[in-house]
Amino acid sequence: MTTNPLFFRKTAIALTGLFLCLFLIVHLSANCILLLPKELAIPAYNSYSTLLRESPLIKIVAYLLYAAILLHVFYALLVTLRNRKAKPVRYAVNHAGENSSWASRNMGVLGTLILIFIVIHLANFWARIKLGLGEAVPSDPNGNLDVYSVTYELFQNAWFVAFYALMAIPLAWHLHHGLKSGFKTLGFYHQGGLRIIARISLIYAWIMGLGFGIIPIVVFFK
Amino acid sequence: MQVTFKIWRQNGPKDKGKFESYPVDDLTDDMSFLEALDHLNERLVVAGKQVIAFEYDCREGICGQCGIFINGRAHGPHDHMTTCQLHMRSFKDGDTIVVEPWRAASFPIIKDLVVDRSAFDRIIEKGAYISSQTGTAPEANAILIPKSVADKAMDAAACIGCGACVATCKNSSAALFTAAKINHLNRLPQGKAEQHTRVKEMTWQMNLEGFGSCTFTGACEVECPEGISISNIAELNARLLKSKISGS
Amino acid sequence: MLLDSKIPEGRLEDKWRNYQLKAQLINPANKKKLRVIVVGAGLAGAGAAATLAELGYRVDCFCYQDSARRAHSVAAQGGVNAAKNYQHDGDSVYRMFYDTLKGGDFRSREANTYRLAELSAPLIDHFVQQGVPFAREYGGTLENRSFGGVQVQRTFYARGQTGQQLLLAAYSQLYKMIAAGKVTMHTRSEMMDLVLVDGKAKGIIVRDLVSGELKRFAADAVVLATGGYSRVFRLSTLAIGCNGSAIWKAHKKGACFAAPSFTQIHPTALPQSSEAQSKLTLMSESLRNDGRIWVPKTKGDQRTPGEIPEEERDYYLERRYPSFGNLAPRDIASRAAKERIDAGYGVGRLKNAVYLDFKDAIARFGLEVIKDRYGNLFNMYQKITGINAYKTPMLISPAAHFSMGGLWVDYELMTTIPGLYAVGECNFSDHGANRLGANSLLQASVDGYFILPNTINNYLAGAMQGSPDTNHPAFEEAEREVRNHVDRVLGIQGSKTVDHFHRELGRVMWQECAMSRNKKGLEKAIDQIEKIREEFWRDVSVTGGDKEMNTELEKALRLADFIELGILMCTDALQREESCGAHFREEYQTDDGEAFRKDEEYSYVSAWEYQKGDFVLHKEQLKFEFVQPTVRSYK
């Protein structure tokens, strides 16, 4: 018997999703440097990003990250297509809001928004810093690439601030359902434990949403 | 009491089908929803028209044969209730009630509101039993089963097989149904001998039948007349993983 | 016709073993060549089909529902009795046998009833092994509770869903044999007629309820497991689709119908609330363990129950039956309720109910204990009526429930047609004139799992010559008759609905042939039903065609048989001039209104033979060798 796609694909989504959740914790923690006063933030942020670029370990993690994102999207796409095929005709009237949350029913929509964000986000930073596309990145007095200034410049544009801040909302929603659902997909079924996980998912989603949402605004007003 | 039923009519699996409206009066609060449909059907007969085909049998919420999507909810507006337990007092005078059949690729429509749920039976065929023959049983108290285990098995075993879980699920996933049956048997000592093949075979059949993947929206446990918890699906996932690891 | 019950020799406790020792066996290679048809997939049918297939027979199983898991065995709430004596309270096979025989007012065979009790213990073993999650004690052993009419605890249960759990076990076992290719399942299929070849049952004609197509099936033996026929009253605790058509067709082909009028009226159902009502939901009898039944002492009292003070309430069961009180057997409790309601003391909007009050139990044990014991029933009550029964008494009313009567069968469960068997509720075998609570799941299961698979070989061993063939003229003839019958119904094109006639029939049957009967009423009822029959065949309207799913046509075909069955039931009730069990003839009661049984004259099973529209009575005398019938007293 071959692998059951109904379960294998979901397991892949859950595993990659949980890995991405861990990544977000690290990402947000580091980004909190941006909240510090300018004179502290510039050296700290730039030396941190140099560390990321130069560490071979981080390199491996980065590839894992790219793979996780791609696999997460790939399998989510397969699951969504299969699930649509399983329900070819929709109800004329459906009060689904009375039995389930909007986010849980629209993970695909939320995920697509996040994917669009990731593409733009990578274009803003990764493309410029790592690929050297666009205007060259200056160096700071310590000889590190001045990633801080790249960030600062971007967030002087109100449109980008609004975009980044607003995109934290679908992210939070996606994480809230994704985290607790991921645990169930991986076979965590203890009822009391599931209640705790649900609460942790909510707290986690709020922290990620608020954190990623506030940083661009704070930087804008610096 | 007067309401307008807007009912899906479809004369066979290949027919396109459409909604038709039927104003009905002379209803009372304490009529069940199905009795209101009976009432409508009697009017149709007197008018020389074909009756609306819909399913029911026990009309006391246990056989699982009734199942209609009513005003945007499986089995109507209440949680944990079958269609036959729904009464007209849940609606207001003058309401328009939209009545649709279960929608799922694996539940093809036979006629009007009647769908074919035999996919469930085929999942059952793949292992929802204990393979010992009549006459081979040991003394009933020879194997002690702690109350908590028996109670948990019973929680899952309560499934009536109505298909509301599939109907309400946006993915038409049969995970709650399949999980309930597997967990019922796998939780009991008698079911242990075949636990791994049972999980693999039944979930594989679920795949073959064209049901979708569970994405844990949680709609199924709200609509389930027996209130079977969605944690059963998580437990199923664990059991499937375990069966993979055990390799049997 | 000579009715040979084929009771084996020997002492009561040896009879079943003696039978098995002498019964013919069939070698496994030959079993594969034999086909058996099982009609009905409830506990009896699914159990029989699965077990026969395990033994090697090729089985075709039929049910009218969309799946075998829906059969009405599913609805039994209370439990299943077994003489395990786990509670160490003095129970035994003999005591259970005696309770059942006495509960049935000594109108069943000793040998059958004893076998029922004898096979009850292995049945629990069987179901536990099949994965039924029976209630357990903390130590892991099986739990029991008591049920109406007995003084020991021998009822095994799975919450309020025992029937469901047993049925699901049987259904699983059946689908296991379907997967193994030994059983062919035909769902959404209704038996339309029985086919006899040389006087033996050799097949059936079936209507496919989806396509409307008529199909022929041939076999070496036919087993009917089609359940009870209380839908003859229209309002009953049965599923809407339950019907008497299969046994009625068999009856018309020569199978004797035994004790048709013995139908049990259950005391604790929800009352009828409107003319449009289709079903009376049963509330488990177990509620009577803690609930007290009463009506106001004043006729037509308009006050709410809460406003009626204690001294103005008539706890009539406790008053009339001080030793059993609210736990009196079903027939007695139902009749007592009817007596109060007819006398004008009924409560509820239609004055057709009595109160079942938990006020005292809640005061004594606390709300939590009552919730724990009956929570699911109270929830069900609230779902249906919208009333919170923790605060105000439940309204309950008697409702038609179980059919003790059915096709006459011998000790082997064979009807008077060779090769035709009847198992479960559709036969008349073990319950006599009244069935004890939690004995119906038992009988259905024991018949299907243990008895039939051990007796059918005794017949099939002699049926090895030539395989049955659906091209036989008898099949053509039967199919033609069915087609004519269907065409006739569709051709009437009258003005009244099927439900109209069913309501009319139900009204007459409930009035004259339910809890209490009398000569004048029964004679009138027969006349009225004849009129209903005449009008039905002149003025019924069935829309749609026969080559499609047509639920109206299904109902009409079933009702046509119910009408005829109704006449036989009244005929039987009229002929039996005594009161026994559920059969209460007003002319035959004691001075204090209890049943007056006449053992010298009526200690027999009435088996009716159909002869061109007339019913001819045959009597199977009941011989009590081991037990002396006594007067049943619950005072």
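Labels for the chains are A, B and C, by order of writing; each one numbers its residues from 1.
Here, a contact is a pair of C-beta atoms (placed from the backbone, for glycine too) under 8 Å apart; a residue touches a chain by one contact, two chains touch by 3 or more.
Computed from a prediction, not measured in an experiment: that's the story for all the values here.
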Which chain lies at the heart of the structure, taking centres as C-alpha averages?
B
Of B-C and A-B, pair with higher C-beta contact tally:
B-C
Using the average of all C-alpha atoms in each chain as its centre, how far is it in Å between chain A and chain C?
63
Quick one: report the Å distance separating chain A from chain B, using the average Cα coordinate of each chain.
37
Quick one: report the Å distance separating chain B from chain C, using the average Cα coordinate of each chain.
27
In the complex, chain C residues that touch chain B
47, 50-51, 54, 65-72, 74-75, 84, 86, 122, 124-126, 128-131, 133-142, 158-159, 161, 163-165, 168, 171-173, 175-176, 178-179, 185, 187, 210, 237, 239-241, 273-274, 276-279, 281-282, 380, 383-386, 449-450, 453, 495, 497-500, 541-544, 548-552
Using the touch rule from the top, collect the residues of chain B that touch chain A in their complex.
8, 19, 69, 71-73, 77, 79, 98, 100, 103-106, 168-173, 175, 200, 203-204, 206-207, 210-219, 222-223, 229-235, 237-242
Residues of chain B that touch chain C when the two form their complex:
11-12, 28, 30-32, 34-36, 38-39, 41-42, 44-46, 48-51, 53-65, 78, 81, 85, 87, 89, 110-111, 114, 116-118, 120-121, 124-126, 128-141, 143-147, 149-151, 153-154, 157-158, 160-161, 184-185, 188, 190-191
For chain A, which residues are in contact with chain B within the complex?
1, 4-7, 9-11, 79, 82-83, 85-96, 98-101, 104-105, 107, 177, 180-181, 183-191, 194
